[in-house]
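Next, two complexes with chain A in common: one pairs it with chain B, the other with chain C.
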Partner chain A sequence: MKISSKWITTILLTFLSIALVFVLNPDGQLRILANLLTFAGIYALAAIGLNVHFGLTGLLNFGHASFMGVGAYVTLLLIPHAAGREGEINENGLPFLAALAIGIVAAALFGLLLGLPAMRLRGDYLAIVTIAAAEIFRLLIRDLESITGGVYGIINFSDALQKYRPVFFDEAVARLDLAPAQIWVGLLSWLTVFIVLLLLKRLSASPWGRALRAVREDEDAVRALGKNAVWLKLQSFMLGAGIAGIAGVFLAFNYGSVQTTIFVPLLTFYVWAIMILGGVGSLTGPIFGSIIFWAIISETDKIASLIFENADGQQLAGVRFMLVGLLIMMLMIFRPSGLLGKKEELLLNVK
Partner chain B sequence: MIDQLGNGLLLGIIISVASVALSLLYSVTRIVNFAHGEIIALGAILTLFFSNPVDSRVIYLDRFSPLGMDFFISAALAVILCGVFGGLLELCLFRPLRKAEVGNIAILVVTIGLSIFIRHLYLIFATGRVQNFPLELERRVTYLFFDMTPRNFRVLIAGLVVMVLIGLFLTFTRIGKAMRAVRDSGELASISGINSDNIILFTWISSSMLAGLAGIFQAIINDVRYNMGFLILLLIFAGTVLGGIGTSFGAMVGGLLIGIFVQVSVAFPFMEGHTEAKNAVALAIMIVILLFRPQGIFGQKERIS
Partner chain C sequence: MSNKLLEVKNLKKTFGGLKAVDIENLSFNKNELTSVIGPNGAGKTTFFDLVSRFQQQDIGEIYFKDKKITKSQPYKVSRLGLIRTFQLTKVFDRMTVLENLMFSGSSIKNDSFFQSIISTSSSKKYEKGLKDKAFEIMKDLNIEKMSESYARELSGGQKKLLELGRSLMKNPELLMLDEPLAGVNPKLAEDLLEKIKNLSDQGITILMVEHNIEAVMKISERVVVLAEGQVIAEGSPQDVRNNNKVIEAYLGTADE
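Moving on, here comes the complex of A and B:
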């Protein structure tokens, strides 16, 4: 592979943002780094899924949080868990991997369900429909308290994944004075990121991947060549949704509990920011985008406390989200192709 | 069900005014403005800041203290400032983007970023907690067959008057006609001597003033929150889509219908104990409308797939 200036800048920026963590935190850097890398891995996975939708196929999906939510809720409800106000315990359940597989399929099917009607719509309408559908999903989850735990959410499910943690892993992590449970989730999510990326690399180079990109560039031409453009778009929607579903599951395990407040539109916008930063249409872009994004996010508290004297939690959260909004705006105006994207591959006009 | 009609009309008038504003902007500029909700909140927050008594600590940071002005003057000033804000957005952000021929999907994403940015600016500098305008509490009175406070009733009337005025303005004035001309075809309009830049600037200003007014209505009826605009943004989209995107008259009716439907749906038998999910019903209606009658109730057929 030719090393271009784009790559040098990206890797440099990634190292700089990690260095920022070490500069701004006199102690406990390793713990902070582990935390942000775990989040980065999970969100990178979600951004990879979104990139299949927007980068590869040109579908303007603003309901990504709901795909993550479907994956998380279906998986968690199938493994042993406790849910609801009383914390009703459900000890029977499937093994984690079986539940995860069903969760992924459920997220993909939700993508199909949403995609079937939405595929008929033009870009900006699709954006409105997907964000509305994601809100409907969230409101329904909150409403169906008897199944999903409603606002009280689901707890006590972590063991289903953590029990596979090997003993030597615990010892190694404990030596570094880190929390083994989180490192385990982080490790698995990064592992998944690489597996998914390998798969996508094969897929996007295959005839199928080329056909998807052709749909993005000129749907009518694809139709004229006898390909079923709608079915291709649906497949892409399902694939991206399935990947988002895995990200949702890891996100839930990283938090240790899920509530409906996790899957709000802001989650979708976070993933969008990461995808744009990494580079729309770039396979590896989300990895770097996610690390840089989370390094900045995790240090905003420090930056905010420079601006405000004794800022409270609400203000710190405000500064964090402000930065996210500003980042999305600035990138879209000044560098819509992000760090690793290709400008000519970017779909920015309604077709 | 009839009890909820009054609430429905009130929510409807808020959504209706805001939908007209959104629809006006979309029809002239083709921008789906996700930051619309933040202009709505700006109207309410500015009114709160101008009208609150000087000694009350409403504003989040101690640096600013409210001005204690008359409520109506405050509201008028807030609406004007919303217009100024909208004009500045066009001049400093969206006009340069248009001149640089940035695609409209990119602009849509920019408005999302803008929305997140401004909303959290409010969270930091304005209203971290739920607040109310300094207005006296009133008892509900029965009008015809629904109950509401006299103040809310006046809001309803004011909203209807505003709608009629917009309708007259778009139909009969020169600038209103020019706006419709730019909507139908920007190029044809500029050939016939209309300065489309000026018309778009005017549209931003008037759309933002209407949004600010909707925010003041919403704050009178409910309260002031930093995210009050974002909370009803999807309902505004629903109202706009239901009436027909780009049609002002459609947006008025669509907004009213969505508002009424959201509130009345609480009284449906199958919604018993599920009142929290009432917005979901309105959003589902919007999706169904987009699928089966994408031009809405009053819109003209247009390719949207």
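Moving on, here comes the complex of A and C:
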């Protein structure tokens, strides 16, 4: 493969972001980096799912958080957990992998359910329906307290995943003075990222991927050629939702508890920012986009505190989003197709 | 079986108060090259949209190969062998010319998700066959040099050729061409016309909407004239040329 300038820029920027962590933090650098990379892996996975929707098929999905949420809630409720205010531990549950599989299927089915009426809509209308559906999902989770724990959320589920942690892994991580539980979640999410990417690489080069790209370009022409465009869109919606479901599960395990406040629209927009930063339609883009995004999110308040000496936490948080906004604006000016997006595919063709 | 490939009965479509299509009875025979002409706003494209199911009629029946397709989805009609093109060319812009053609020819089974994951040797062989067929068609249409170009990089005329090629990948029984010569330079238009004539000679039934009257008269076996949604004349090019109603519709004050 020819190494092009956009790859050099991307890798350079990624290293620069990681270097920023070491420069700006006098101590606990490794711990901060580990935390950052765990979040980056989980969000990269979510962005990869969104890229199936938008990059590959051209579907405007602004309800990504709800797919992540369905995956997380279904999985957590199936493994041993404690839900709600009383927090009684429910010892009975499925093994993690079985619950995860059901969680993925549930997220995909939620995609299907949402898609069935929504797929007849185009562009902005689909976007509005997905935003609304995501909010309905979140409010339902909040109000169905007897099942989902409502605002008190779900706790005490981590063991279902953490008990598979090998001893040598613990020892190795402890030697680096890091938290084994988080590194375990981070490692598994990055592993999943690579497996999903391998699968998608195969799929996007396949006749199925070609059909989705055709849907992205012109649905009417797809219909005129005897292909069921609605079914193709639904399949894409289900695949992307399933991938988002896995990301939701890892996000829950990374937090160690889950509440409705996690799956808010802001989560969806973070994932969108990562996908655009990495490059719409680029398979590996979300990986680099996610690392750079999280480096910025976690380090901007330190940069801000260098600029403004006497600012308090709230003011610094404000500056953080100003810096993030500035970055996205610069990106749109200098690299409108994202870090790894194809220039030929720059034109955003919204369905 | 009758010789009729496509038949419409009592087909009506109105937009608000405007009668777009109002056809009592019209049929198209197998292997015939028919042109539909008429002034702007005569309902030609709406007629195409109704037959290919991209629009829903108010009332009426449509039969293709003696099957009632009045309530079918566009893709179902297409699978029966009725393939249309669009007045404003619809190519897949950010896919290569080759991909445009291969997607079109690919079967439902080959496009399926699971087949694509497994990717067996038989599916690879099928893809190879598609590629060969695509190159054959590209050679025939003289666009094989563009095979790896993105479709959006093509000129207007080349896009028309690509759309025609894409339709041919489907081995259509009835090919409906909506203004195939619009925006095409005279030289290419002549080639395209020749190509369409050849396809008709090969046994494909062709139905074409075209404004270039000279071209229509040259190659059509039958001409149907629409005005204000109604069939005002039909017959051989000679008959239609001498029909008073047609002359009136084109030159009279009613429409243009």
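The rule is simple: the second predicted complex is superposed on the first by the 312 of 351 C-alpha atoms of A that agree within 3 Å, B and C clash if a C-alpha of one lies under 4 Å from a C-alpha of the other, contacts with A are read in each partner's own complex, and residues count from 1 in each chain.
Everything below uses one rule, namely that contacts are C-beta pairs under 8 Å (C-beta built on N, C-alpha and C of every residue); 3 or more make two chains touch, one makes a residue touch a chain.
Since we're looking at a predicted model, the values are computed, not measured.
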item: Touching partner for A:266 - first (chain B), second (chain C), both, neither; value: first
item: Contacts of A:221 with chain B and chain C, given as first, second, both or neither; value: second
item: Partner chain(s) touched by A:143 [first = chain B, second = chain C, both, neither]; value: first
item: Partner chain in contact with A:199 - chain B first, chain C second, else both or neither; value: second
item: Which of chain B and chain C A:207 touches, first, second, both or neither; value: second
item: Partner chain(s) touched by A:176 [first = chain B, second = chain C, both, neither]; value: neither
item: Partner chain in contact with A:326 - chain B first, chain C second, else both or neither; value: first
item: Chain B versus chain C as contact partner of A:336, first or second or both or neither; value: first
item: Winner by number of chain A residues touched, once chain B and chain C are compared; value: B
item: Set intersection of chain A contacts, chain C complex versus chain B complex; value: 347, 349
item: Chain C-touching residues of chain A, taken from the complex the two chains share; value: 199, 202-203, 206-211, 213-214, 216-218, 220-229, 232, 235, 239, 344-345, 347, 349
item: Touch list for chain A against partner chain B, complex; value: 60, 62, 117, 120-125, 127-129, 131-133, 135-136, 139-140, 142-143, 266, 269, 272, 276, 314-315, 317-319, 321-322, 324-330, 332-333, 336, 347-350
item: Partner chain A, residues of chain C touching it in the complex; value: 52, 54, 73-75, 78-79, 83-86, 90-95, 99-100, 102-104, 106, 108, 110-113, 115-117, 119, 123, 127, 150, 152, 166-167, 170
item: Touch list for chain B against partner chain A, complex; value: 32, 97, 102-106, 108-110, 112-121, 123-124, 128, 234, 237-238, 241, 274, 276-277, 279-280, 283-284, 286-287, 290-291, 294, 303-305
